[in-house]
Amino acid sequence: MFQAIDQIFVNLLRGFLGHLPEPIRPWAGLVISLGAILGTFGLLFGLTTVCERKAIARMQNRLGPNRVGPYGFLQFIADGIKSLTKEDIVPRSADKVVHFIAPLALLVPVVLTYLVLPFGRNMVVLDLDAGLLFYFAAGASTELAVFMAGWSSRNKYSLLGAMRAIAQMLSYELPFILSTIGVVMVTGSLSTVRIVEAQGPGDGWLAHWNVFTPWGFAAFFLFLIAAFAEANRSPFDLPEGESEIVAGYFLEYSGFKFALFFMAEYLGMFSSSALAVTLFLGGWTAPVSFLGFVPSWLWFFLKLGVLMALFIWVRGTTPRLRMDQLMDFAWKFMLPLALFLIPVVVLWDRVGRGWVGWVLCGPIVAAAYVWLGRALVGRRRIQLRTYRYASG
Amino acid sequence: MMVTQRSSDEWDRPAPVAGSYAFVVGDDPEDPGSLLEVSMGPQHPSTHGVFRMDVVLDGETVVKLKPVFGYLHRNHEKIAENISYLGSMPYTDRLDYFCSLTNNWAYALAVEKLAGISVPERAEYLRVILSELTRLQNHVCLAGFLAQDMGASGTPLMYGFREREKILDLFESLTGARMMCNYMRFGGCRCDTPPGWLDEARAVVDSFPRFLHEFENLLSSNEILMSRTQGIGVLGKDLAVGAGITGPCLRAAGVDYDIRKVDGYGIYPRFQFRVPLGEHGDTYDRYMMRILEMHESLGILKQALDGIPEGPIIDPKAKLRGFRPKAGESYGRIEAPKGELGFYLISDGSPSPYRYRVRPPSLVNLTVLEDLCVGHNVADTVIILGSIDIVLGEVDR
Amino acid sequence: MLGSGIIKGLAETGRNFVGSYFDPERMTTVEYPEQRLAPKENTRQFPFLVFDGEAALAGLRCVACQICEKECPPQCIYIEKSREKKPDHLGKPQFHPAIFDIDISVCMSCQICVEVCPFDAIKMDTEFELSTSDRFGGLLMHKDLLARPNSHFLKVHPTDAGVIDARRAEERARLEAKARLDSEAKAKEAPPAA
């Protein structure tokens, strides 16, 4: 029974493909899977935008969208219709071809990254041996599209935004990838499916999620911070910082092209959160074995939802960093810490993965965090201040 | 379709009108095209109105900056010289439209000095209460806008607006309007408080510290805010005094100058309050000055709400119509939330002033913008501008 | 430092998120067309002309003295006097406005016309939903659009209107008493003459 629910989508696809002639089956499978991914995450994108607006509104003690549909949840349809019917304006001096291609060039690699993400047991489109590498390769090519957009618009703000985006995404690519090395080392595989299976409860009752290790905890947060930066989300939304450079690289886009940028940004956010779930939060595995009856895909989307909530929560709270601070943070804090975690992983693996590892590795990681953080803050002489009052 | 590489001077943009660009950029023969001129404003999300900054950037570092304003000029001073003294009162609301009541007070003070009108006790108390409430709502908005300029998704701004809403409700139930209050008259105030208004004001004042606590939790110790503002836009003591900066910006530079203490206008000498002083003169100090001043304002409000006496609200001798002060001149100034707001009037005995001049704190504080911004990042210019706290209605008049 | 400030901020927004569902004091938003704020008595939007009795244009209190026209800071009032006089509520013959226009696209709701009016004829309305598709003609109010009965004034500003009504009643009573005294005196004088 539980098995059937768990595998319902896999069996549906297999059953449907059974009716097709043999030669086109793999292609049809790919197309159907892609369609399902686009449909699911497209819907999730719409719902997330509404949830984000409502959640941030509540954090700000406002009501948020509540007019279209039940509790305003159909707002995204209205927004979609609006952006579809809007006039598509291309600046006169823009490089029209590049301007047209850029949003597509951003969306395609983002969608490609979904191919290697396991959404549930047996629910992965391509189980590549080097799935993680494929993910990073596809994810990194979004930078080109961002620069295409900024450059082709012939707008100074767009250019500034594109320059910022390139610098930021390249810099954060390093901690983004380096923080996952520990996971690869411990699992001994680059395949996302293997990584998830290695984190499952196995024979015991408790799951071995990577986040429940000292190095994994630190790496998870490094990965998340880098994911924030890769997705251009607050507090790293400098490329589109609306108070400084208006909207950054997609300033000159309107109508549906703007919607594509918006969608690609959210899909990128989903995909990096999904990777965080896969690498650190045990993918589709249940945290304890007696909860194993809950379908695996439901676990995956639950964890994804939690990470989305975190993204939204942080966006509602923090101001934006400045470019040089952003760079400092990437190169002087995150990169050393990510590099430092690699020997810690070795130590964790050698001394055994139990409480001895915790006692040894925990303080080391904490000390590294405090030391690097102090150095970062101290270099800029940032401190809490006390104030005096005029006498009399 | 063929795409050809075009050089930058082939951009088919209209030829610049003479004088519309502040600097000629890119004609340095040694280093062509290394600088980028960006016109921030007049339509820009962070310029606090229709204000333009002509910024020359080297990468993202500001090399030159020229503030351009006047887009909101509406001839305030000349209009005032052609209508009655009373007729200018509603126009003063529209100077600094966040703080109409302090504008009213400054103008009323100037006319009262000119004509030698006294103000009854209750009206003086009401003026203090209203101007401190104005200060509160101006400062919460400023802190919110500043955080918004830093990209805080509007959360601090909405907290500020939530509290401001309560204060504006108070203004509405007393004066009839939320922003354009037009409440002070020469020799007092226009109407007495409706029943229960003072209790409502007390409730607002009592619940305000809770908000301030929230605000400080959210922002004051936030690492991102601190690293964005500390050491940014340092305004030295000498420059501040030399340029005539007033208000929180001056006090953030460490100069003890508060007109409430210096002049002791109205009945301010009766109240106990302290003047917070900064040390570094940077953006963080300017932000903290506002937060600390709000604490002091709450203290003044408590004292004033406890001490307000019964009595007439306006000097019975003050005339509403046909007001003709005898020939002379006067300068009335108060500590507006943004700095020293002064009205200079010359009367020739006719029903309208011969000369009417406003000394707007926003404009004078804006003059140091370039000194503060040069050498900083383009992202910093936005928050430096935000921390100066300008309102374009007052800058352009 | 080291992230504690950001965590404090996150806790604050989290508290506000939860609090917004339970603490009505946090939510100042009013969903406008369905819900409205309680009207405040002192609220002022745009001026209207008070009339007594049933007929709007016949009962206007305005005597076309043009003080408001002169005092109006943005000069948005235009008045033309009538040629003939009409008795007012005290029976005294007075002019009345042949034309009384207020351009409320120019009016800045400052209430100075109300303050200077010696006849309590112009008052501030609280209505603000005045949008129109015609920007110029639609916002130019003639006297038939501006006239509102005294009952409307009593509704929007009860305190103010009550004071004014009492004063007007008193004036009328005094006048009637004086008239009665006059007629009695006349009656006393009359018999010897007859």
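Labels for the chains are A, B and C, by order of writing; each one numbers its residues from 1.
Criterion: a residue touches a chain if its C-beta (ideal position, glycine included) is under 8 Å from a C-beta of that chain, and two chains touch if they have at least 3 such contacts.
The structure displayed is predicted, hence computed values, not measured ones.
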item: Contact-richer chain pair [B-C vs A-B]; value: A-B
item: Chain whose Cα mean lies nearest the overall Cα mean; value: B
item: Chain centre separation (chain A, chain C; CA means) in Å; value: 59
item: Where chain B and chain C are represented by their mean Cα positions, the distance between them in whole Å; value: 32
item: Separation of mean Cα positions, chain B and chain A [Å, integer]; value: 42
item: Numbers and ranges of chain A residues touching at least 2 other chains; value: 59-62, 316-318, 377, 382-384
item: Junction residues of chain B, two or more chains touched; value: 155, 159, 162, 218-219, 221-226
item: Sequence positions of chain C contacting 2 or more other chains; value: 1-3, 6, 9, 12-13, 16, 26, 28
item: Footprint of chain C on chain A - complex, ascending; value: 55, 58-63, 313-314, 316-318, 369-370, 373-374, 377, 382-384
item: Footprint of chain A on chain C - complex, ascending; value: 1-3, 6, 9-10, 12-14, 16-17, 19-21, 26-29, 31
item: Residues of chain A defined as touching chain B within the complex; value: 56, 59-62, 92-93, 95-98, 154, 156-157, 160, 164, 234-235, 237-238, 241-246, 315-325, 377, 380-385, 387-390, 392
item: Interfacial residue positions of chain B with respect to chain A in the complex; value: 1, 3, 11-13, 36, 38, 44-46, 60, 147-155, 158-159, 162, 218-219, 221-228, 230-231, 256, 258, 261, 274-280, 284-285, 288, 292, 377-380, 382
item: Chain C contact footprint on chain B (complex, rising order); value: 83-84, 86-91, 93-94, 155, 159, 162, 165-166, 169, 172-177, 180, 182, 190-191, 194, 207, 214, 217-219, 221-226, 320-321
